[in-house]
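Same chain, two partners: subunit A is paired with subunit B first, then with subunit C.
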Partner chain A sequence: MIGPTLSRPRLVRAATTQLADALCARGRPVAGATDLLIHGLDTATPELVDLTAMSDARPPVEQLSGGVTRVSATAPISAIARAPVPIPAALAQAIAQFASPQIRNRATLGGNIANASPAADLVPPLVVTDAVLGLRSADGARSVPISDVLAGPGRTTLRAGEWIDYVDLHPVEHSGFRKLGYRRALAIAVVSLAWSWSATGTRLRDVRLAAGAVAPTVVRCPHAEAALTELTPAVVATAATAIHQDIAPIDDLRAHAWYRRDALSGLVRELAAPTEEQTGTQLSERNTTAS
Partner chain B sequence: MTWPATRPGAAVRSSAVGRSLPSEDSAAIVSGALEYVTDRQVDGMLHGAVHRSPHPHARIVDVDTSRAAAEPGVVAVLTASDVPFNRLGSDPHNPPVLAGDVVRQVGEAVALIAAVDFPTARRAAALVDVTYEPLPVVTGADADAPTSLHPGGNVAGTIAFESGDVEAALADSAVVVDVDTTTSAQEHVAIETPGGMAEWDLGKITVWCGSQNPGLHRRFIAQALQLPLDDVRLVSNPVGGAFGSRNDDPAPVYLALLAWSTKRPIHLHLSRTETIIAGPKRHPYRTRVRVGFDRSGSLRAIDSHAVADTGPYVTAGRNVLKTSAELSSGPYATANARFDGTVRYSNNANAGAFRGFGVPQVAFGLETAISAAAAELGLDPVDVRRRNLLRPGGRHSLYGHTVSRSLRALETLDAAAAHPWWHERDAWAAESTPGPWRRGTGIAMAMKGVGMGSGKGDTARARLIVSANGEVNIWAGPNHTGQAIATAYRQVAADTLAIDYDRIHVHVGDSELVPESGATAASRSMYAGGSAVQLVCRKLRAVLDESAVVEGSGVSFDDVAARLVATGRAEYDAEFVLPDVEDIGRIPADSLADYAPHAVYGCSTQVVRLEVNVYTGEVRLHGVVCAVDAGVAVNPGTTVGQAEGGVAQGIGFALFEEYRLDDGVPVTTSLENYLIPTAVDVPPIETILVSGHEETGPFGAKGMSEVVVVPTAPAIAAAIGTATGFWPRQLPMTPERLRAGLAALEAA
Partner chain C sequence: MKVNGTPVHGYDPGARLLDVLRDHLGLRGVKEGCGVGECGSCTVLLDGDPVCSCLVFAGQADGRDVVTAEGLGTADDLSPLQRQFVDHQALQCGYCIPGVVVSAAAHLAEADHVSEDSVREALSGNLCRCTGYSKLVAAVLAAADHRDSP
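The block that comes next holds the complex of A and B.
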């Protein structure tokens, strides 16, 4: 059967070189490749360069100075979740709600970013932690904020031959993530919401909200952020309405636009009453205690 | 597993029956070692692929196979004109093997390819040039279709029957509830997709392909190839699931056609997307149900009106509607019942047989109506049901025939209602935390006939041969399609013969060896197949009794076995014919087979507890109680397995599964966008096997594997209604549909 060749560079330097070479011939970087089976492979793709076999890759999570958490973009996300260095709650919860245990052992943060799905589970937590991506290419390294990388469905501003090495997350006091999918594993988000803020009593500061599957990319929600000054039901209800100004959902196979607006409002309303979803508890764990 | 070598027949009943003995294949299944029919391969075999229509309805103007045939490695390209008899069945409305003049659904097979490897076959299939002239598309079972798909219009069948005076009884009722429900086209999603192997050898064709009805597939193949029946052999094990999808699956015929045409071994294995697009579905229904009650909760009337969409051809549709009619009154007794049903053609997916066979659709309407009526009357939904249940030996509400004395509908209701999840439901709901999640508990019931029904001559057979070394081989049917039926047959044989379980070997699924035993369908395998096994074993047992083969007699089975072989008394055949109802009630005697009422029914009552997120419409299930009336469970472990699998499939039907088309073009074409429940979506299931005994079944057993799929959806709907005040009428109950309903309530 005709298919692309697969190369698995063992060193970071080799990955960069090989990717530059491969890209000249329309090759494609992969880091987990968990979406390849679903979307199929362009038969014209001559080469896949797998970025998950590098022996000198960085550890899954490192704590930098200034409270910045540096997360590997090529480590399996299950390794990020298990790392001894804590990560922001929003990202931990997004990983817990991502696909299935098997896929979490293959999928990577870099793959989820580069795949550029508006419904990507791991991207909203990056947006609310002001993540900065560390990119590498044969031309050198550069840093780019996450929001500047997302260009549209399946599109990023990554340059040819460039790959995502790490993601720096800025410290946040409180954060969380809630995904609404049509089943509790192996489902694409119908809408998702990540948040972060600092709190003094019931007053909120530095509120950041990011929503998935409601616009061509994961989006920040400035209108809702401005409205969300407090976690009281009345204020949260105002933010739940304001968020409609931040999004542009479409009708598709999974949901109508009205439902995406309505359900996202629901997720905002939930902020006033924390649920088990927000603490990352999965139904599988709940089931064992149901009686 | 060891038993004493010989035991007296009467004294040792139930040593094997009633035990959860593992299937002989279980270790190989769970370790992945089992070779399924699609794993089979031989050196030099060819590989098949199918060219399918992209149009829901079009005239075929021209088929040009020259480019496909010219592809290096292609051995054969077959079209309609290459099929000696191009129809799957004897009715002109049955599907063709390969479409000739017209295609009537997306995915309909137009050409078959055989090539040296699969990529070549698939590439060649794409190179078949078919010129289509699109025709108007019939997008549903509506009466105002733009065109007729068959001469005589788009009605494939109707059934209308009434007992008593329904209109008068409804006019008289204190409470009348009128519900209009729709249920979706559901996929079977058997884990193994259709396919297998076929070989042509010495003028005979052998096909290894999953089948729920090897005899029927054998007849399809013999007819299509115009071969004598004896020259066709179908080996239909081991297979990875069925649920109705392998009842009239054309894959065995494709395999036979390719092997016959090329005279070489051929392998074919359809992809999941092909299976979803071209394979059968559960019939989507629209069912309007009206029920009338008096103030005290006595059921005065049931009026059920159903329209089913069978897709482009007749396969199981008319029989599905027949079963809907019979079970439109559920397990309830009333003097006034009416059913009026129509099954119509469309250019949507072919709908066929599916576990439950027309019952889940009408039961959703009926149970929803009864739950709503209980709420309106201010009565407990269990009390309302209990008050109106059909009793053992009672008369069926619609047809008036007598039902068997083994009916345990009441016991399933009482068992489910005795579970803490039911009687502690109010306290559990009151524990709801502030926030969006609301708690609710629902209950629903179902009844389903066992076997093909009266007047059908429904027969299962078994053949037994004793070998000189004291082994007993039994060939029996219906076939195994995942439920370990051969193990249950073996248990029945061991207890009937009262000989060592290890000496008994049961074989199913090979049409060359197993006598014709009909379909693995209609919850009949244990009941009818098990009865045939029991009958054939009784014949041998009688001979053993003559020879005084009993424990302590000094005469061993080995001695007798050798003597039986030497004297030509080692082979036995038996058949079991499904008993007709004792009294046919209001059914005209000459129409018995048209209505095919059952004497024997299985029942199930289920309780569901769940939470609904009123902000988003999400549902999370906390548990399902499944009380089942299976008579005596020959193998309780596999019976519970069937119950749990049925509930899981019922959850899919209730909350997730919907095959969707857009103007006849499928849009849910993979398991990425056609969602079925995963392990974490299925809550704990507590199955209760209610004590019972069906006197005409083997050791008291009767069928149960369909009825368990039925109550789940209406129980979930009732729980949602209790939790939120919104009572769903449309399946699946997706978050979006629930939010739409809740938003309408909020606005009102």
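The block that comes next holds the complex of A and C.
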């Protein structure tokens, strides 16, 4: 196999310059390459600028002031999970369910965003933590909210020569992530859900829900968020119905639209806190059924 | 890059690491199963971490250490882990085994505590289409016992 041209800039500045270079008009950035090597090399032999050899690359995770967590977009996601700085639970849970150990040692957060799959595992946790992307290009740096970058299946608003440097996550009190796939490892999400909120007693505030694989992009769910004021079964059931107004699922090779709608409602209903009547035995039975 | 401790030069940086290892270096323990990162047959260690060599550009391994199943031990000098695979008859057709052994070796090198759950998680990216998983897991657990009480 004759491979593409692969350049490996050793500095962030060099990477940015090479991507802008006229010689790289057909070029594109690459990091983990776990999607590119499968889908990206069939039609043309592109010029690739590898973002994984930069000696001045940022650490996988940094804690900034104001509780903001800055996560590298070019580090392997296993390095993010192993970093000594904690990350929001929703992102940690999504990483744990992402593909396989081998893929986690190569794939990057930036790649998962730029690939722009509606089923991307790492994107819903970014949406519920109000993630802001740090982008770089020869024209300079800019910051863009995650929701402004996702344009459609496989499409982003990234400009030519622009690459994702880091992702800033805002602090949340509680967060989590669940996905349904055909099996636990190496499965593309049939439906996924990330959530975050703050709690005062039993009342929820700042509720954010983001669903995957039920619309052309990962989507926030404002109707369900408004309904989810506490975690009682009745309130959660209302939110589980309201979420149908927030999504536009399709039939495809992995599932029918009706299944996605029902399954997403199921994921929302499972947010309900266990009631006092549910003993430990009943709870463990419920969890066994769910896993 | 270094492969099994030996410096290697003269490969196409845009080629897949898998093709360089198999075709350029003749390391036939590195198997191509699916070619899309789903089966784990081509698993090698890159600086100690298991990766699918079908999803790595050879140039991305420049300056790094690559270890294949051949680098863990040879037929004449099996590693303790490989010995447990033989003793447990932990193979059927055998095609997936080099990749499985490499994933298991990474787990034994990294994990302080090894359990059946941790082994199954560590091998979750390696498919055995003969479905002989029980013996694979038993072999890795036996190697962990050997590691912890030499």
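The rule is simple: the second predicted complex is superposed on the first by the 261 of 291 C-alpha atoms of A that agree within 3 Å, B and C clash if a C-alpha of one lies under 4 Å from a C-alpha of the other, contacts with A are read in each partner's own complex, and residues count from 1 in each chain.
Keep in mind that, in the parts below, contacts are C-beta pairs under 8 Å (C-beta built on N, C-alpha and C of every residue); 3 or more make two chains touch, one makes a residue touch a chain.
From a predicted model like this one, the values you see are computed outputs, not experimental measurements.
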item: Partner chain(s) touched by A:Asp262 [first = subunit B, second = subunit C, both, neither]; value: first
item: Partner chain in contact with A:Thr217 - subunit B first, subunit C second, else both or neither; value: neither
item: Which superposed partner A:Leu253 touches (first subunit B, second subunit C, both, neither); value: first
item: Contacts of A:Leu48 with subunit B and subunit C, given as first, second, both or neither; value: second
item: Subunit B versus subunit C as contact partner of A:Ala273, first or second or both or neither; value: first
item: Which of subunit B and subunit C A:Thr156 touches, first, second, both or neither; value: neither
item: First (subunit B), second (subunit C), both or neither touched by A:Ser196; value: neither
item: Which of subunit B and subunit C A:Asn112 touches, first, second, both or neither; value: neither
item: Contacts of A:Leu186 with subunit B and subunit C, given as first, second, both or neither; value: both
item: Those residues of subunit A which subunit B touches in one complex and subunit C touches in the other; value: 1-2, 38, 100, 184-186
item: Subunit A residues within the subunit C interface of the complex; value: 1-6, 8, 30, 32-34, 37-38, 48, 50, 52-53, 76, 78, 99-103, 105-106, 184-186
item: Residues on subunit B engaged by subunit A in the complex (per definition of touch); value: 119, 433-437, 613, 615-618, 620, 622-623, 656, 660, 667-668, 670, 672-673, 675, 677-681, 683-684, 734-736, 739-740, 743
item: Touching residues (chain side subunit C, partner subunit A) in the complex; value: 12-16, 19, 36-38, 40, 43, 46, 49-52, 54-60, 62, 103, 106, 121-122, 124-125
item: Subunit A to subunit B touching residues, read off their complex; value: 1-2, 38, 100, 180, 182-188, 190, 253-256, 259, 262-263, 265-267, 269-270, 272-275, 282-284, 286-287, 290-291
